[in-house]
Every structure is written in C-alpha cells, then in structure tokens.
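By written order: A, B, C, D, E and F. Residues from 1 in each chain.
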Amino acid sequence: MELAFAVVIGALTASGVYLMLRARTFPVVVGLTMLSYGVNLFLFSSGRLATGGQPIIGSAETYSDPLPQALVLTAIVIGFAMTAFVVVLSLRSLADNNDDHVNGRVPEQDSTVQKQEQEGANT
Amino acid sequence: MNHWLTAPILIPLIGGILQAFMGYAPIALRRTLAIATTVLMLVAAIVLLVLADDGSYRLYAFGNWQPPFGIVLVLDRLAALMLVMTAVLALFCHIYAIGGTDESSRQFHGLFLFQLLGLNIAFLTGDLFNLFVAFEVLLIASYGLLMHGEGTSRTVPGLHYVVLNLAGSAVFLIAVGMIYSVTGTLNMADLAVKIPQVAEENLPLVKAGGMMLLVVFGLKAAILPLCFWLPGAYSNATAPVAALFAVMTKVGIYAIIRVFTLIFGNQAGELSGLGMDWLFPLALITLTMGVIGALGAASLRKLIAWQVIISVGTLLAAISFGTVAGTSAALFYLLNTTWVAGGLFLVADLVDGQRGSAQDKIVTAPRIANRTFLSVLFLMGAVAAVGLPPLSGFFAKLLILKSAVTESDVAWLWSVLLIGSFFTLIAYSRAGSIVFWRNVEGHIEEPQKLTPSLSVSASALISLSIVMVILAGPISRYAEDTAAQLHDTSAYTEILSKPMVGEEK
Amino acid sequence: MSPIAEYAIALLLIVGGFFTLVGAIGLARLPDFYTRLHGPTKATTVGVGAIVLGSVIYFSSKGEGIGIAEVLITVFLFLTAPVSANILAKAAMHIGVSTTDNTRGNTWDQ
Amino acid sequence: MSLPLVVLLPFLGALAAPLFAQGGRTAIAVISCVPAIIGLAALYPHWAILADGGIVQHTTEWLPAIGLSFSFRLDGLSLLFTLLILIIGLLIILYARYYLKPHENVGKFYALLLCFKGSMLGIVLSSNLLLMMVFWELTSLTSFLLISFWTHKKDARRGARMALAVTGGGGLALLAGILLIGNIVGSYELEDVLAAGDLIKNHSMYPVALTLVLLGAFTKSAQFPFHFWLPHAMQAPTPVSAYLHSATMVKAGIFLMARLYPALAGTEQWFYMVSFTGMATLLIGAYVAMFKHDLKGLLAHSTVSHLGLITLLFGMGTQLAAVAAVFHVINHAIFKASLFMAAGIIDHETGTRDMRRINGLWRYMPHTATLAMVAAASMAGVPLLNGFLSKEMFFAEALELNLPGLWAYLPPLIATLAGIFAVAYSARFIHDVFFNGRPVNLPIFPPHEPPRYMKIPVEILVFACLMVGMFPAFSVGPLLYAAASATLGGDVPEYHLTVVHGFNLPLLMSFVAFFGGLLMYTQRQRFFDFHARFKEIDEKAVFEAIVSRISDTAHTVTAYIENGSLQRYAMLLIVSVIAVAVLPLWDLGIAIGSNGLSPVDWPTLIGVAILVVAALGTAAVHRDRFFALVLLSVVGLLVALGFARFSAPDLAMTQLSVEVVTIVLLMLALYYMPSWTPIETPKGRRIRDILIAGAAGIGMTLITLAMLTQPFTSISEFFLENSKPGGGGTNVVNVILVDFRGFDTLGEITVLGIAALGIYAMLRNVDLTPPPGDGQGHPWTRDAYPMMLQQIARPMLPLALMISAYIFLRGHNMPGGGFIAGLITAVALILQYIASGMSWTQGRISIRYHNVIGLGLLFALIAGAGSFAFGYPFLTSTFDYVYWPVVGKFEVASALIFDLGVYLTVIGATLLALTSVGRLSPHSAIKSTNYKEGS
Amino acid sequence: MITIALYVTIAMVVLAAILNVYRLIKGPDAPDRVLALDTLYINAIALIVLLGITLGTRLYLEAALLIAVMGFVGTVAMAKYLKRGSVIE
Amino acid sequence: MLDRLSFPQPYLSLILFTVWQFLSDGVSGASVVMGLVLAWMIPQLTRGFWPDPPFFARPWKLPPYLVLVLYDILVSSVSVARLILSGREPKPILVSYPLELTHPLAISMLASTISLTPGTVSADVSDDRTLLLIHALDAESDDEVINAIRTRYEARLKEMFQ
C-alpha cells in the first residue's frame, strides 16, 4: 500500500513540477494546483496510512493520527486562497500585457521555436 | 501568561478587520485608524523589548494548552528586536503611504496591517507549522500589496514572486511533513529536544527536511540562486511597499537564525550546524551577485533592490559562523540595513516624483527641484548602505568583519566584503552623480510636491542610521545579549515545562 | 441482521453495481455523444440509487435509523441528472458535436 | 575633554555655517573661523607637556564589542599636524572669502570645509585606530564632495568620483590592515599597537597587514601608481586644492606612516615597499610637472613628487630620514599652500590657468608675483628658504642609503634628477607666468592685484618660508623635535637645524640640481618635443571608461542571469531543493523502513492507477487547456477519495469542495485566455524539464516510501485523549482546528480573507476583452441562463443552507465543521450566479462580501478574546452541557462561535473572489467601479 | 453474503470507473469528457457508500452527499463554459 | 416588519423542518427548536431567490405522478441496459416536441421526466419555450416519441399545473 501511495505522490509532484516550468500562466497555475495536491497527500501521510481509523472518538478501535489531518486541512484552505490569488493574478497579467506568457511577452528565441515546431508539424 | 505577547498580533488583526469593514469610509478616517494601529503596534513592540531584556523566555500558550501540544508564542530578545525593527520601519512606511500612495486602492491599509500581522506572528511563534501559517499570512498580504498601485509594470514581477513563493510554500510543507514524520512534533522547543534523539536510520529524512527548510528560508531571504525574483518585484512595487519589503527578506533570515540555532544548533548532535557549511560560500556568492547587480543597475530602485541582496549575503555570511559574535554582528547589521534600505526606497520614490519621465532611471535629466534635500538624503543612505563612516553601516560592517575567526573565513569574508564595498561605492557614486548632478537643459512639468508626510518619513528612516551610531554601544550590547541567549538552546527548551494558567503553584 | 435484509442488501448492491457498469459501458461503447448521454443519465443514476438504498437498509437494519444523507443523495441525483444531461446536450449542440450517420432529425442551432 | 572638543567643534560649525549663509560671505567666513580659534586656544595649555615629549590622552567608551573607543591622543606628531590643519585652515577660510563669488553656495562650501577639517583633525588626534578609520573615510567623502563642488562641471564630477574610488578603495584596504593589526595585537588603542611593534613584525600576517596599511597610505598620499587621482582633484575650487590636496589630506597617508612607524617600520618589506614607491613617485611627479600647461596641474604633480620624497624618506628607515621627512611635511605644506593660493589668485584675476596664455604678469600684479616667486624658489630648494633645508637633509640621507653594489648609486642619482626637474618646473612657474613676454588672449584683461585681504594668507605663508629657511631652529625647532620624537617613539637622533652645514656632497647635489634645472628649463623646447611623442593619457577618461565598462558588463551579466524568466527561476528553485535533498537521502540506502509494506487491495490499486494516469495525463495534454482542467478534476476527485479511503473524512469533504471552487475559478479565467497553449519551449529544454520533474517525482516517491515504512510516535495521543474531555468534541480533527491549534485556523481564515480582498483590489479597473467564441471558432450562445438550470438552482439554495447548518453543527463531533459548511453555502450561491447571473443574484444579497469576511474574522477574534475576561489565554475554549426545559440537554461551546467565524469568512472570501472575476464579464451589469479617491 | 456482494459490486463500480476514464481520455469532444467526468463523480458516490458499508460506519456518507452537490455544480460550470464562455456573468 | 417574523414560504418551511428532524439524532426538544429556527430563518434569507413561488393547481396529483415516473425509470433503465449490452447499433432520432405546458417549472419537470425515462433525453428548450428537443436513443419515428410523452406525462402535468 505504501508503495502505491508513494507513487501517487511522485506522479503528482512530477506532473506539477513539469507544468510549473511551462511558459504560460495557465499550465503553471494547473501545475501549482497539482503540486499542492501532492504536497497535501504527503503531509497527510506523515501520520502514516490507516484504514477505517477515522479520528472520531468512538468510531474506531485505533485512530489514525489526527494532527496531520488538521494540518492538511489548513494547508488545503491556504492553498485554495493562494491558487485563487494566482489565477486572478494571471488574469491581471493577461490584461496588462495582452499576453498570457509568464514573462508578460514571448521571448524572441521562443517565438522562433514555436514557428519552427509548427512548420515541422505541418510538413 | 503575559497578555502583552499577543498585542503585536491582535492589534494589527483588529486594525485589519476594521479596515476590511471600512472600505467605503472616508479616507481620512481610514488613515487615522490605520496609523493609530501601527503606532499602537510600535508601542506594544517597545513594551515587549523592555520585557525581553531581562533575558528570560516568556511563553504564551494559546488556548491554555501545554506545549508541545498547543501553539505557543515565545518572547525572547530576538523576537522583540525583530518586532521593534519591523514596527519602526512600518510606521514610517505607513506615514509615507498616507502621503497619497494609499489612494489607488481601498484595500491598502487592510493589506498593510495584515502584512504586519503575518510578520509579527512569524517573529513570535514557537511552532514550526504555525511559522508556515505566518509565512502564508505575510505572503498573501505582500502579494496584494505588491500589486497595489497604478500602472502595469508590476504585474509580471508580481506573478514571478507569487509563483515562486507558492512553490516555496509547497517545499515548506514537505519539509514540515518529513520532520514531523520522524519526530512526531511541531513545537520548536520540543523539536530541539527530539532532534538529538533521532534514530540513526531516520537521520537522512530529518536532514533532508532541514535542508529543504533552509532552501525555503533562503528563497524568502533571497539567497543565490533563489534571489532573482527580488529585484523586479521590489523595484516595481510602490515606494512604501518596497520600503516595507526591506523587512521581508529579513523574515527568511530570522527563520534561518531561529531554526538553525535552536533546532539544528550546537545541541542537535549529528545534525548540529546543518547546512551551515553550504551557507557561507553561498552567502559570499550572493553578496558578489548583489554587487554585480548594483553596478549594472539602470535605476535607483534596482540599485537599492540589489543592495538588499548584498545585505542578505553579508548577513548570512556572519550567521553561517554559528557563533555569538557572528550572530550579534548580523543582528546589528540587520537593523541598519533594513531601515536604510527602506529609507532609500522612499528617497528613490521622491526622486522619481521630481524627475518626470526620467523617473528614477540613472540617466541625465533636467535639474530637479529640492535637489539639496534629496541628494543629502541619498548621500546619507548610500553612505550607510555602503558601510562608510560615519553612519551606522560602517560599524555594522566592522562587526561583521570582526566576527570572522578562522584564517580562511577571514580571507574570504574580508576580501569579498571589502572588494564588494569598493564596487558598491562606485555604483552609488556613479548613480548619485548622474541623477543629481549631471543635468541637461530644460525643466520638469509638475514635479511632485514634497508634503511633510513624504519627506519626514523618508528622512526619519535614513536618519535612524545616525541614531544607531550614537546608540551603537547599547544596541551592540543588546545584539550581543540576544546572540548569547540564542546560542544557549537549553534555556529555550525550558518553556516546555512552564505551568499553564490554573496550574501555577 | 435478518437474512431477508441481508438478501435485500446483497441484491440491491449487485443490481446497483450492474447498472453502474452498464452506464459506463454505454458511455464507452455507444457511437456518438447524444447516444452516450443516455447511459449515465439513466443507468448510472439508477445504479447508484440502488447502492445507496442498500446502504440505507444496511445501516437501518443495524439499528442506526434511516440516514437522511442517503435519501438526500438519491433525491439529489434524480433531480440533477436531467439538468446535467440537458445542459451538456446544449453545450454539445452549440459546439456542433456531430451525430451518428443513422440519426434522424437535426440538432438545433439557436 | 579639550581633545574631543577640538575634533567635534568643526562639525558643529559645519551644522551652523549654512544658517549664516543669508548673512553673506563675510558672516559665514567669520563663523567658520570660530572652531579653529577655539581649538587653538584649547590646545595652548598642553603645549608645555608636549614640548617635553609628553602625551595628552582622552578616552570615552563607545563600542566595546569591536574595540572601538572614542579616544584621542595629542603628542608631538599630532600637534604638528593639528597646527597645520588649524592654521592653514584659518588662512584658507580667509582666502576663500574672496575666492568664492557671491552667488555661489557658500553655505555648502564652508560646511563641507569644516567637516573636512574636523575629519582631518580626527585622523591625527585619534588614539584608537578604528576611530581613526572613521575619520579617514570621512576625509575621502568630504574631499569627494568638495572636488565636485561645481557639480555642473563634468570634469569636476569625474575627478571627484575618481578620487573617491581611489582613496575610498584604499581606505577599505587600510581597514582590513588595521583589523589585522587589531587581531595581532588584541587592541586598537594606539598605545598598545605602538608598544607591540616586535609582535607585529614577527607575526606571519605582518606582510599582509603591512601591504594593506600601505595601500591605504599610498592611495591617500597619491603615491605611484595611485597618484593619478590627485591632479584631477584640481577641478576643485582652489582653496580646496590648497588645503586638502597639498597641505593636509594628502598628508594623511604620510601621517599614517609616521604614526605607525614604530609598529611597522624597520623591516626589509617596509624598506623596499616604501622607499621604492617613494622613489618612483618622486621621479614621475617631478617629470610630469615639467610638462603641465595648467598652473594647478604643475603644482599638483609637484605635490605628487614631494609626497614621494617624504615617502622615500620614511622608507629609508633611518631615524634621521624620519626627521627629515617630518621636516619636509612642514615645509611642503607651507610653500605649496602659498603657491596654490597664488595660482588661485592668478586664475581669479586672469580667468585662466593655462601658462601658454598667461605671460608677463609681473607688470600687472607685482606684489603677488613676488610672493609666488619666493614660494616657488622654496619649492625649487633655493638656499635661505625652508624647502632648501629639508631637501639638503634628504640628499644627505639618500647618500647614506646602504644598497648593495651599484644599486647604492641609485638613490642619490634619482634624488638629484628629481631635484633637477624640481628646479626646472619651479623656474617655469616663475618665468613662464610672470615674464616671458605678454599675455595671450586672457579672458579677463588687464589683470589686477587681488583684493587686499586675499593676499594676506599668502603673505603669512611666504613669511613662514623665509623664517624657517633662515632661522629654522628658532622657528620650528621645538615643534619638529616634538614631532620627530613622537614619530620615532622617543629616541631622536642628533641633527642640526642650521642654514648651511658646510660644503659637502649634499650641497654639491643641490648645486647640480639648481644649475641642471635651469639648463633644462632653457632647453625646455627639446624636452617638450620629446615628451610630446608620448600620448597624453587622460586618467579621468580612462577611469570613466573603466567604470562604464564595468557597469555595462555588470548590466550584461545581470541581464543574462536575472533574465526575467520565471521558467529559469522556478527551475533554479526546484533544482536547489532536489540538490539539497538528494545528498542526505543518498545515505538512506534501502528505502523501505523497518515497518515494511502493508498489503494492497486492488480497488485502491486501480484508483492509484487512474490517479497516476490523470496526473501525468494532465501534464501530457496540458496544451489543450480544457482537457487538462477535466483531468485535474479527476485528480482532485481521486485525491478526495484517497482521503476517505485512508480515514480522513473531513479532508475528503474539504478537498472536494475546494476542488470544485478552484475549477470554477480556473474556468472563469480560461474564458479570457487562449484555449490552447502553443509550443514555445525548445525541445531540449522540454526534455530537461521532464528530467527535472522526473527527479522530483522519484525523489518524492522514495521519501514517501521511506517515511511511511518507519515506526513512529507523535504528540497526537494527547489530542485523542483530551479531545472529548478537554475540547468537548469527538471529532479530533475539528477540535484540533478550533481549539488545540485554533491559532493556525485563525491565521488560515485570515489568509483566505486577505486573498479575497487582494483579488478584489487587483481586479479593480481591469479591462479584459473575452474572445467572441471558443477556441474552435464557435460564437458563444446567447442563452446565458438555461431555464432548467434556474429551476433546479433555486430550490437548491435553501436545501444547501439546511445541509450547511447540519454539517456546521455536527462538525465538532462528526466530520464537518465551519469550513466545509461555508463552502457548501458558497457553492450553492455560486450555482445561483451561474444559473441566474451576477446582477440577478447580487440584487438578492444585501450584504457586501467584504463585510462578511470582516464579520467572520471578528467572530473568530471575539471567540478567542472571550477568554481574556476569565484570565485565560487567547483562544481558550470553554464548553458546557446545558439543560433547558422543553429544549432538553445541549452543548454550548465557545469553539462553535469560532467555527462560525470560519464559516462566514469562507463564504465571504469565496464569493468575493469569484464575483470579482465574474464582474469582469462584458455581459455583467455590475461593473467594477473606476474611482480615484480624493484626499 | 453481504461481503461477497460488496466485492462484486465494488469490482463492477471500479470497472465502470475505468470505462469512464477511457471515455474521458478518448473524448473526442469536450462534452464527452465532461459527461465522463460527471459519471465518474457518480461512481465515486457509489464507492464512498460502499466504503462506508465495508467499514461499517456512516461517517463517510456526508462526503458522498457532498460529491453529489459538487459534481453537479462542476458539471454545470463546465458545460456553461463550453457553450457560453463566461461561467459567471 | 411583521414580514420579517413570518414564514414567507410555508411549504418550504415545512419541508425544511421535516428534513431537519431526520438530520438530527432523533426528534428531541433541541431538534424541534433548531428545526423551527431554520424553518423560519432559511426562507427569510432566500425569499429573494423565489420571485414566483411554484404554483400547483392540484398538488395532490404530484405523488402519483412521481410513483409513475419512478416506475418508468426502472423500466427504462432495463431497456437501455438491454440495448447497451446487446451490442446492436441503436437507431437514434432527434425530435422537436411542441410543448403545451407554459410554466417554466412544469416544462422543467417534463424535461426531467423525459430524461429519466425510456430511451429519451431532453436536449434543449427553444428560446420561446414552445419546443422541446428530444433525443431518443432507439425509436422508430417522431410520432411514436411525441405521442408517448404527450399522453403519459404532459397531460398529467397539465392537470397538476393548470
């Protein structure tokens, strides 16, 4: 079970990191969201995995660690606030720069790459 | 329990909440209440400074829950020093802001006070996860503040700042998770107790977690290679915000001092001095990069922003020694550099206001109005920043230089810092002589009026470097006591056994 | 727990699972969007309804009373499924998602 | 107390002087004299002690942490310099009164001059080396400001910056040197340092310390190869040149060598470094002076040369040489200051300093000419004038220098050669200016004698030249003795201050120099032609070019590294994290801990597979943004299922609600954005990114695996035990949130509130034009509010409120709580906005979301602060079971009020954020208001 | 009895989820993906309910209710985005 | 002011009160009091969202209708399942159904019913609310679909609403 859980966190991290390194605001935001899902799962698992051990007194024989759950709850809420902010910030950047590139404009060498790849794709 | 400990938190929180309600109240009322809040906060910080000077650790357990279970505030000299430093800077930034910067958004004062809230929590908290929450409070407020103001120039740097810090927060959480997964605790004092007892096979996890924390704090502190978000963000923020941000990198430095002297300090067994051997070379490279940036800066704001990075490098070099002398030198330097950098950002803005389309760019322009006043302020700021006598920067630099002990430390620190100072001097003299002296024909339409709130706050912050010279003795004594207190980790961990309300005998 | 309840629960669960699966097969197999819309709208809704009903019986036969949450889930699903289908169909028509060749009649363009 | 007074008074004067600027030049000049006069008076009582080789000392503690004290020391050496500074300073003030024009900024001038004077006094009187350092750098600064006094002149600005760079840079080296000495000696007090000469000289760091200190001294005293700044400092007003750049500041380096003579001198390193530097400077300065057409340029290079002479004397290391050096300090200060003043008068009266135009001034200003000629003769070393005496001593010492083999001839040879040049340029100064035909095209013609009082300082100094030259023992004997004694640390050698020592080798050298110099001057045209073959270097231009180059290079380097690319910065961050994590984790070895793996069930495994596919798929298809969003939803849903699967119902619910709101928000944004992401990163970088992401993913996998399989105990036992008895709730997670760690939650809802306020503020005045249709070119439908959706949405609102109330109230004991309840309410309201639009919904909500946020935070705050009333800390919760008739038993918990705060904040923040974006829509009737507040 | 039924049912629902994911990835059009997602949400409700029965606790049922609410709102928002662009206007 | 103390939507209040009793752990004094509070407060808060409260001319016709629909849902599920599993190509048809109902709620109820019952999904309502676009999964002709709906559902709904 632990390995499966670890692979999930790895996949979320890898995907989040890759998207975070993209050049447009939208994938970056998606990547950050993905990363925060991974991080939340990770923090959650720092209290180890349990089945049917929900930390509600009287509902189980042994309880899973409630503290990481509380921490993750806080982290989810904060992550939500941050994501909301960065989404809106990317909108603002789009409005201010007429471009959704993370740097406000497409750097020259990148736009040539774009052109080349498109040509490559067309032929 | 001394309820004063909560004052630096409750005051800006209440003030901020009031501002949230008062979005549409007359601006005069909002300004009055906001400034009153900041003044009260300064008063509270001073009270705590006086309290802390007896050298004891004061504990405040939220919810009356015994640490390590509940969240605690811990007041010591370091916390008090950071609080006062921040409150002083904030007050002048705030006064500057009511000179007109606050008009472009109704949320300004609220965000400003929430920013202070986050800073104060960070300085006082004794809980690692709560430190994360504090970081988030101050970051989200700083995001809002950064975007404050007219124009579009700050959007992209703001976006970079936000995205990198979001990634940083993710790393912070991972690090907290790793450390919790081994130690099972979050309270810093408890961590200081538990870390030396970590089993051999678990050391790598804690070590990696600690190093990740160092990266996160390094990102906030703007240490190379994590510093490149700073120049753009700071130089595009509105003046009072940029000036207040002078303290933002210091939060990272504070966190490094706190966590890496308490949790990974000299009593941490296997893990003592974690990361410090990385820190010293990185600090020197950061310093060098800062100097290069300052030399190449095209505007006063950029110059000062790189100055912030120079000071980060200098500070961390001293901190990395892990000695009382190093830490106390860093603390003295910290005060100087924070206030002066803040003041310089304000001066740069005033200059900008006088120069029309030339703004604060280091280019020739028609002669500015109020040249004498502004050039004297700039000169003083530059002298204090470069570390020339007779202003406090010199003494701060002396302390830092003197804190190096081993021959290789001396050789590296002295040469990098002194050669760096030389080139910074060249950068400032070049910038100042072009901006203030090298004039072209013509005159500027509608220069900004230097209202008292603008000029007083800018000159007050710069003049603090004179005050620091006069009070150099007492301040360095306080810094030394602070450093000594910090390095005596066992005293801190005694908070774990303090009685709660209702338990006192 | 009475054997009747056990049989009922087992039956409801398996029926529910069956319809859920059928809905998914429909979604996977049917030729165009509009035909695929039928599977989830009906079969899946019914399937989950059956499973939820099984849960109701399971817990009430354990003496924990009738859970209103299950009832609410069911009511909710039945109320919303047609609306989801409706608004998705509207979206599909707007985008111009094509129908299979043997479809008679035309989509709207309003 | 008189010593600090002497130093500090000029600074006070500097503060006062500008206040008298309204009173005109005279008033301000008079005020500026006061500090020096009081200073002289204050020193007078100490005279007797000093004459006997005594010391006056004053110490106040300042910064003991670094060994810096506010301590001063007056002995013979410092007295000599103090007198030079104060007396010449007074003359300069008088002179400047007439030199400056009425419209000039005299307030600034005198203030800076007084600042300089104070700093200079500080250098010579400091008894603590660090304190001396403070004043040392201050002289560099004030010199910088004085050179650039005429800020509108490009040459002045450049000259000033160059001087600052060289002397300031040298100061930094000196600082390092002093700190090293301090490390060796363990003190910065002069007394200790001077007493520790042997310790220092035998220390392994001595060569480094010596080099650093000498770097400071040489830069300040314009020694080769740092001499180039001094001639360019002549862009300063002439009083400044006379005072700073001939009489005082440039002597600071000399002073330093004299001061530290007992501590540092007497070694081979000292000898070679100092004497050879001095020799080179002596010769080069004298040579170049010959070819300068600028009056002040000639004098400046002459100054360089004389400074080299003094340095050479100190370098020789003999006691007599040191005496000669001190003597020449006095003599040079006197004649050079008077020459500069004379040059200033000529400049003032003719409007130029170009000797090719200035000719035959004898006819126009005979009085000034006489004074200048006497001073110049002294400079040339003509007998009966003071310059002659010390030069004779110098020649004598040059002969005494015991160098091996043929090298022994070098010093006398160079001394004589320099003497020849000195005579030649002095002759040029006299002949070319006052004779040599008629003036050429002078800006001011005809020139006149200057105002009477402007000449007085020159007269006094020329008189001093004569007095010292003719009656040396009487005029400067005691002072020289005291100074020499202080320099040498007590033992003064036998020396005789007489005009002529009889016919000896030094006198012969003087004759050779005198006639050789005259001969050279008569043959000057050949030398000029010879010199003209070398390209003249303008050091200012070189300096400026170097600074520009450095600045440009720095700019290029900075722009290359700080290239404004988020992708690079993010990459650096991630790579840093991986780097610091990899090293310790490398030691982890086998990643599976002692608890081993638990069995896996296949439904979970399939869930994992779907999650992994969806996660990696999102990255793979991210260019199709909507598709990526759908996959992200799948990820969110499965993460929530994962929370439920692993015993965290609260997290599952929170994750679900947050995920939907996030997706809605992302779609709100996507409306304005392109629906496709173009390919623009080069393939190589995409592969690099995949590798980085892969490394991060594998790293996290291994860390998680290691973590999950290690045995573990935590503080959570406490929470499980105390949740019910101490917190009054059975849902431990909720009790932690609202009680044990309620402060985190307070911070968390504050973050939420701030984010919403920030979002609102950020979208103010934003103008976004959405595309007219979707990515495939379909125009948007007109049907904004589908009827069926409206019909279902409205009854859902009260139902959702009911469910919210249920989730909220049970949260303390069962999964739920304020946060989830708040999100349910918020989502129900969002559904209204989706179904019926902004204006319709907004019209039915009478409260502003700002206030909801404020109210929420306020509730939380009040719930927390309630405990103050009972003397308990903030956020101490209380709960009780209450029995009411009819109602029965129910629980009342203060934590519930706190949770209500959470509930309200969540609603307010979520809706404020979403509606802020929603009102950007061109269809929205509610526009963000454009406003600029009045003040 | 119930245990076996639970296993079988879970197997069928999980299989259904796989089919949904297949459709979600295959598309071909955006509405197909949203429809698949919506169905996946409903499968998730079933899975949570089944989990509750397996564990013998009703503590997870509210999570299932929440999926129903959130899944609907999510679907509606996506569908509205596809045809109208602006979800809230 | 009195307005603020009343129950503006008594049916809604009744439903809410009843639901609350189910949501609570059994009926008790506390749950009744809380139920009353919610039954009063929620309609007060949401009354603005109900500009024209649903109007039923013959509300008692609703329960039998719901039973009918429930029955049809089960039947329709089986038939759809059969079709899906048979592997046979369906014969889909798009039908424009002329509406006789006018009230939006009534139309919505009809559309929902159609979606949940045999082989039909209501895809759209025309802007003027006179036509309903229906997609039938497997039907022979327009008339077959229209007639089935007209008689089985729309007639009953018309009775209920008009």
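We adopt the following convention: a residue touches a chain if its C-beta (ideal position, glycine included) is under 8 Å from a C-beta of that chain, and two chains touch if they have at least 3 such contacts.
Each chain and its UniProt protein: A = Multisubunit potassium/proton antiporter, PhaC subunit; B = Multisubunit potassium/proton antiporter, PhaD subunit; C = Multisubunit potassium/proton antiporter, PhaG subunit; E = Multisubunit potassium/proton antiporter, PhaF subunit; F = Multisubunit potassium/proton antiporter, PhaE subunit.
Everything quoted here is computed from the prediction, not taken from an experiment.
Common partners of subunit B and subunit C, by the touch rule above, are D.
Note on connectivity: the fewest chain-to-chain touch steps from subunit A to subunit C number 2. When you average the Cα atoms of each chain and compare centres, the chain farthest from subunit F turns out to be D. Of all chains present, the one whose mean CA position sits nearest the global mean of protein CA atoms is B. Counted by C-beta pairs in contact, the busier of D-F and C-F is C-F.
In this assembly, the chain whose C-alpha centre lies farthest from subunit C is D. If each chain is reduced to the centroid of its CA atoms, subunit D and subunit E end up 61 Å from each other.
With centres taken as mean Cα positions, subunit D sits 40 Å from subunit A.
In this assembly, the C-alpha centroid of subunit B lies 48 Å from the C-alpha centroid of subunit E. Multi-chain contact residues of subunit E (touching two or more other chains) are listed as 10-11, 17-18, 30, 34, 59, 62, 65, 69, 76, 80, 82-83.
Counting partner chains per residue, subunit B shows two or more touched chains at residues 129, 133, 136, 140, 143-144, 147, 156, 159-160, 163, 167, 174, 177-178, 180-181, 186. Listed for subunit A are residues 20, 25, 28, 40, 42, 45-47, 51-52, 54, 56, 59-60, 67, 71, 74, 78-79, 81-83, 85, 89-90, 92, 102-103, each touching two or more other chains. Chain pairs that touch one another: A-B, A-D, A-E, B-D, C-D, C-E, C-F, D-E, D-F.
Residues 774, 776, 778, 781, 783, 786, 788-789, 792, 803 of subunit D are the ones that touch subunit C when the two sit in their complex. Residues 20, 25, 28, 32, 35-36, 39-40, 42-43, 45-47, 67-68, 71, 74-75, 78-79, 81-83, 85-86, 89-90, 92-93, 96-97, 102-104 of subunit A touch subunit B in their complex. Looking at the complex, you find that subunit F touches subunit C at residues 19, 22-23, 26, 73-74, 76-77, 80-81, 84-85, 87, 89-96, 111-117, 119, 121-124, 126-127, 133, 135, 137, 142.
Residues 55, 57, 59 of subunit E are the ones that touch subunit A when the two sit in their complex. Interface residues of subunit D facing subunit B in the complex, by the touch rule stated above, are 61-66, 68, 108, 130, 133-138, 140-141, 144, 148, 151-152, 154, 157, 160-161, 164-165, 168-169, 172-173, 175-176, 179, 183, 547, 550-559, 561-562, 564, 566, 568-570, 572-574, 576-577, 580-581, 583-588, 593-594, 700, 703, 706-707, 710, 712-716, 718-719, 722, 739-744, 747-748, 750-751, 753-755, 757-758, 760-762, 764, 848, 850-851, 853-854, 857-858, 861, 865, 867-868, 871-877, 932-935.
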